[in-house]
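So, here's a batch of structures to check.
Each of the next two complexes has chain A plus one other chain: chain B in the first, chain C in the second.
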Partner chain A sequence: MSSTTAQSGLARARRGLAPGGSGGGTLNRKSKLSGQTRRTFFWLLLPSIVLLILINGYPLIYAGVQATHDGSLIDTGNFVGFDNFATVLTAPAFWKAAQFTLWFTIVGVFGSWLVGLGLALLLRTKIPAGGTFKVLLLLPWVVPIVVSSTAWNWLVATPDSLIPSIFRNLGLGTPLFLADPHLAAVMVMIFKVWVSFPFMMMMISAALASVDTTVYEAASMDGASKWQQFTQITLPMIARSTYISWILMTIFCVNDFPTIYLLTGGGPVDATTSLVVLAYRSVFQDFQTGTGVAIAFLMTLTLVIVSVFLYRQIRKSSVE
Partner chain B sequence: MSAVLHAHPETGPSLGVAGPQKARRVLSEAGMRGRWWRFTLILAITAIVLVPIMVVVVLSLTPAPGSTATGLTFENITGVFSKTLAGTWLQNSLITTLSTVVVSVAVAAPAGYVLSRGRSKAVSGYSLLLFVMQSLPIITSVVPLFILFAGMGLVDNLLGLTIIYVSSTMTVATWMMAAYFDSIPISLEEASWIDGCSVFGSFMKVVLRNSLPGVLSTAIFAFLLAWNDYLVAIVFLRSNEIFTLPVGVQSFFQQNLTDWSGVMALAVVMMLPPIIVFATLNKYFSVGGIGGSLAGR
Partner chain C sequence: MNVQPAANKAFSRRGFLGLTAAAASVPLLAACGGGSASQGGGGAGGTVKFWDMPWGTPAYNDAAKKITEGFSGSSSKASYQIIQWNNFYQTFSSAIASKTGPAVSTGGGFQAFQFEQQGQIAYADKVIDALKKNGQFDDFLPGVLDPFKTDKGYVAVPWQLDMRPLWYRKSLFDKAGAEVPTDWPSLLEAGKKLKGIGAVGFATGSGAGNFIGNHLMIMMMINNGGGVWTKDGQLDVMNDRNVEATEFMLELVSNGVVDPAAVSYTTDNLDAQWKKGGKAAFGMYVTGLPQRVGDTSGDLLVASPLAGPHGDKAALAFPNNIMMYKNTPSQEASEAFLVYYMGQLKSLWQQKLMNALPVFKSITELPEFTSDPNNVKIVKEYQPIAKTFAAQGAALNANMAVLDGGQALNQFTQTILTGKTDAKSALTAFQTGLQSVIKK
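Now for the complex of A and B:
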């Protein structure tokens, strides 16, 4: 039991296996959880509760008020019931944005997972200077989007940029990466995968580090092929981390603003407008606060339902 | 969940398998060839992945058109500091980010401790609430907060920005702290209680003192989130001298679309701090904890 990953420690604690004093534990089993302890816990939690109510909770309720009014940033306006929601739900732009958000999320989650998994598996093997590569490959995630989107713009934006020039010199024509609606959508997704794969790589590497490698030796003595070892041992071992990383990345992708906005601004002809970009534009460019907040509110509702559901799923899967 | 072995099944030393010497040597030769093949592969991948970042560095050091400098030069970088308010923006970003880091660790550490050690219905309910709040799009709260902060003079104000950053980093920071505390044996606290220490006292003196990697990991996460934020900054900051780097850099880009040397020089100024932080503290950083604490409760 030398693995100190939080996961295993928790899993043990949850199953009640915590052997005397090693790895976490709860105070409940101790008589120490007196009224006094409970009071200390309350005080320790208080700053976090206050912030959560004021900065996260209050705006959410206020957003509900705004979504049912026809106001602006300055004035709340009149109560209009569900008119804003009706406007939003009947607007083709909303459904187009919802569709793009869906594709962006699917490609973002699974694309970055596949790249991250591949690199994590590769980096687990013995490679000269492997540690250096591991750090270098995290850079896309560490570098601010404002910076990397500029570099990507420099690389692909105009017909004379570096990458289109290379295509032209290879006789492949001059693709307009950010001006063609389909190509722009693909570019945004590639950019998102580029930004996100290091996160996946870190998650999977952490999970792989706790896999006992002697299992592979036993498997290969039993004649299991490399592919069988991968599907029968590696994947199940990292299943829980994978599941969690998918959930987190789904949330990151749906809520993403800078990756899209800074590369394409949502264009051309709204081809890369996601729901967040649409909401941002409604509020701060079209000054339609009510509809903008209604869009955000619909996203919020969907995400609350999805996240509560997923949260229970993770808990269920981790109790097994 | 036993020992963490970094040996690879293919190339690693085969523990306890005493094969014939000859077979073993052949295996290791194949292993060596595999190592260099994988080295080449990862080198190529890394090179391709880092192209955009290298573009920034190279362009920022290349003399601008009309410049008399030859070879590589730092004049673009010194230039943006005299041409723009880059110095002020850098300072604003540092103030906001560092305050965010300090406050969010100070709020998240005690909360994480309660999530780690307490197992009541209220505590797991609070954990679920954090999860839900974290998954909400920030755009939902941005508009109401804008109106609220406008009334309090916190729009176009670094304090207002910091408050939002703290609350948006707090949820993940709390999980990361909780995950780290889970790995600290409770027996340490028990010993201090026997010595007459209070719960709070043992949290401060025993648990927190042994949690440097956890605190650093959380701090790095908060640093990256606050430093890289664009959406909140662009909504809440209005005047040039209050801009943080993301907004300042972006406004400079829009006004100087063809001045790539200036743009990239400013980009270097913006990306260096997170890279320095990450390069020095990288060994403490782990996102594994996020998943662990998520699944745990």
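Now for the complex of A and C:
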């Protein structure tokens, strides 16, 4: 097959056409059916569209109304335009929370990915009781967050808790893991990585299972080192799954309320207050519904931008 | 090939679409129609929906349900539902907004004022009149009813007092050779001695979901004759008494009298400190502490209220209340139910199901209540000097909810407990935070 023919075949395949088939014919059929069929399609789709609008559109519109009013959960209140957004964007607390959310997300996504990747690679090797380990390693993801946060609290909260006691016995002082603002931020991030790595491990394990082992054998015969095999074969082969898991984990981290709120409540002194915690506090503790919903809108906007960027990376990796 | 007639084809397609549209609209119609139907039934007066919180063990709710279901007004009855504390304000708000809320409820201490502000509360003046007629009005402990009186009427009726007394563990004081504090200097002195044996001289906490630390800050201000509001309800955070109280709290923190990890303590952490073998020797906590932590050996005792440096003495209390809503099958039925329920409260204390104080003198004289010397001391020494979050004023309003659960007070408390501030800076930030969220 000449290169022109191959490119033409690829282009046809991308358009979903069979070899030798006539693209023009399909288009003609489409335009011929457009009147009656399109109306049928419209009526068939209408119930689903109505449902989608009710499920997604209505809350979104209502949230938009709340974000531009100064009311409560019961009463919409007066229209204030974009005042709530201005209030939020000029508040130092918002930017502090945004900064923590950024760090929390970066550490949560890449920390859990690194741990998950390491364990997925380890579990791919022949280790005794690998299946049992896999199940045990899933526990942090499976156990309800209320239970695990309580367990972590008891491990680190007081000077007499297990972990501070170990530090003290090792002569490293008595760190106040949840009372010191910096340590509390670190603890929340570690907790997030601990909760999330099983998800990453499963995603990567699934991707690794589809990699043909003969590729590695061929690379070994060509003299590639283990590191080269990892960076030149493994990572590119799991790139698509990696980007998908990054998108999902970014959304999980930015929207993560229980991990933070149950362990620290956003404290001490706002050291672990993320945007979602700030939004919750604004609505349900300060009863400022408009500003709370405005924060949620800004979060959604950011998430959409990040997701679109990562989705483009997925498409790029697919083409490559 | 079978060919259907055109009309038949059109009918089946339209029929299918119509059926689908009808099916899709069922949830919408159900959602729209739910409100009005929910309060119906139960005769001409309908069923009065009573929502109650888990104020004690499950046995409390069982008893409250029994009382509720025992109501039979003129052609009306009552139903009982437990509402969990988690997100309770959201639960009430959503239900009220969709007209599926209760007719009568207990709830957060300032909830009645929040919903009054939004036009959802039915005033309880007729209930008060009925209580005057049946003699219960004169049975109220002094001052418990006043915070609920507004220009428009009584917003709610108090049914229990959530007091914040000072507790001490006798064995730890004996071990440290310290005297139980009676004023601020002796609190500092005792705290230093207790620290010497590894005990905590002023136990508190302000971790996730723990409001005791917040209450302690306000209690110390009130105890010194201060408070967050003026007598006429204006914001007054920066007054000298508040500055003095905050400086004293910082002194306690810097001397290690307050646990350095207290800022992150949840109520579970704090309970563990108060349990037998725990470190807490002295501190402000809830009534019924021995029962709460399972130590009724007599080692946990109520201390007398402290005297501030100017001789002031005051305690903090939350008068929990029962409120009525405008969304009711019958206002008369709601009122009749509330009068009936107030008359049945005694049985809850007789069965020892309540940790909080009663609002009726007659209940404080019951043998089941007086058998606990801690209860007697709280009624005798704390109730007469008790003030609410409204101090230096007396009338409650919706802004108290913002103060109680809001970010401003919590941040202030945590700043003080970490000790990395000075009193005036912390109070200024507190005032600024409150100003940004309170309704003028």
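Keep this in mind: the second predicted complex is superposed on the first by the 254 of 320 C-alpha atoms of A that agree within 3 Å, B and C clash if a C-alpha of one lies under 4 Å from a C-alpha of the other, contacts with A are read in each partner's own complex, and residues count from 1 in each chain.
FYI, contacts are C-beta pairs under 8 Å (C-beta built on N, C-alpha and C of every residue); 3 or more make two chains touch, one makes a residue touch a chain.
In this text the structure is predicted, and so the values were computed from the model without any measurement.
S.K.: Could you tell me if A:Ile314 is touching chain B, chain C, both of them or neither one (first, second, both, neither)?
M.R.: In the superposition, A:Ile314 contacts chain B only.
S.K.: In the overlay, answer first, second, both or neither for which of chain B and chain C A:Gly81 touches.
M.R.: neither
S.K.: On the A-aligned overlay, A:Pro181 touches which partner chain: chain B = first, chain C = second, or both, or neither?
M.R.: Touch status of A:Pro181: second partner only.
S.K.: Answer with first, second, both or neither: which of chain B and chain C does A:Val293 touch in the superposed model?
M.R.: first
S.K.: Tell me the contact category for A:Pro268 with respect to chain B and chain C: first, second, both or neither.
M.R.: A:Pro268: touches chain C, not chain B.
S.K.: Applying the touch criterion given at the start, work out whether A:Thr158 contacts chain B, chain C, both or neither, answering first, second, both or neither.
M.R.: second
S.K.: So, does A:Thr40 touch the first partner chain B, the second partner chain C, both, or neither?
M.R.: In the superposition, A:Thr40 touches chain B and chain C alike.
S.K.: State whether A:Gln285 touches chain B only (first), chain C only (second), both chains, or neither.
M.R.: second
S.K.: Which touches a greater number of chain A residues, chain B or chain C?
M.R.: Of chain B and chain C, B contacts more residues of chain A.
S.K.: On chain A, what residues does chain B touch that chain C touches as well?
M.R.: 40, 43-44, 47, 51, 54, 73, 150, 261-262, 284
S.K.: Under the touch definition given earlier, write down the residues of chain B that touch chain A in their complex.
M.R.: By the definition above, chain B touches chain A via 1-12, 14-15, 17, 31, 34-36, 38-39, 41-43, 45-46, 49-53, 55-56, 59, 106-108, 110-111, 113-114, 116-120, 123, 126, 128-148, 163-164, 166-167, 170, 174, 179-187, 190, 193, 198-200, 203, 224, 227-228, 230-231, 235, 245-246, 249-250, 253, 260, 263-264, 267, 270-271, 274-275, 278-279, 282, 286-297.
S.K.: Which residues of chain C touch chain A in their complex?
M.R.: Where chain C meets chain A, its residues are 13, 17, 20-21, 23-25, 27-28, 87, 89-90, 93-94, 96-97, 114-115, 118-120, 206-210, 259-266, 268-269, 272-273, 401-402, 405-408, 410-411, 414-415, 417-418, 437.
S.K.: Tell me, which parts of chain A touch chain C in their complex?
M.R.: Contacts found on chain A: 40, 43-44, 46-47, 50-51, 54, 72-75, 93, 150, 153, 157-159, 176, 178-179, 181, 184, 261-270, 281-282, 284-288.
S.K.: Where on chain A is chain B touching in the complex?
M.R.: That would be residues 1-14, 20-28, 30, 32-33, 36-37, 40-41, 43-45, 47-49, 51-52, 54-60, 62-63, 66, 73, 119, 122-130, 133, 135-140, 142-148, 150-152, 154-155, 162, 194, 199, 202-203, 206-207, 209-210, 212-214, 216-217, 220, 229, 240-241, 244-245, 247-248, 251, 254-255, 257-258, 261-262, 275-276, 279-280, 283-284, 289, 292-293, 296-297, 299-300, 303-304, 306-308, 311, 314-315, 317-318 of chain A.
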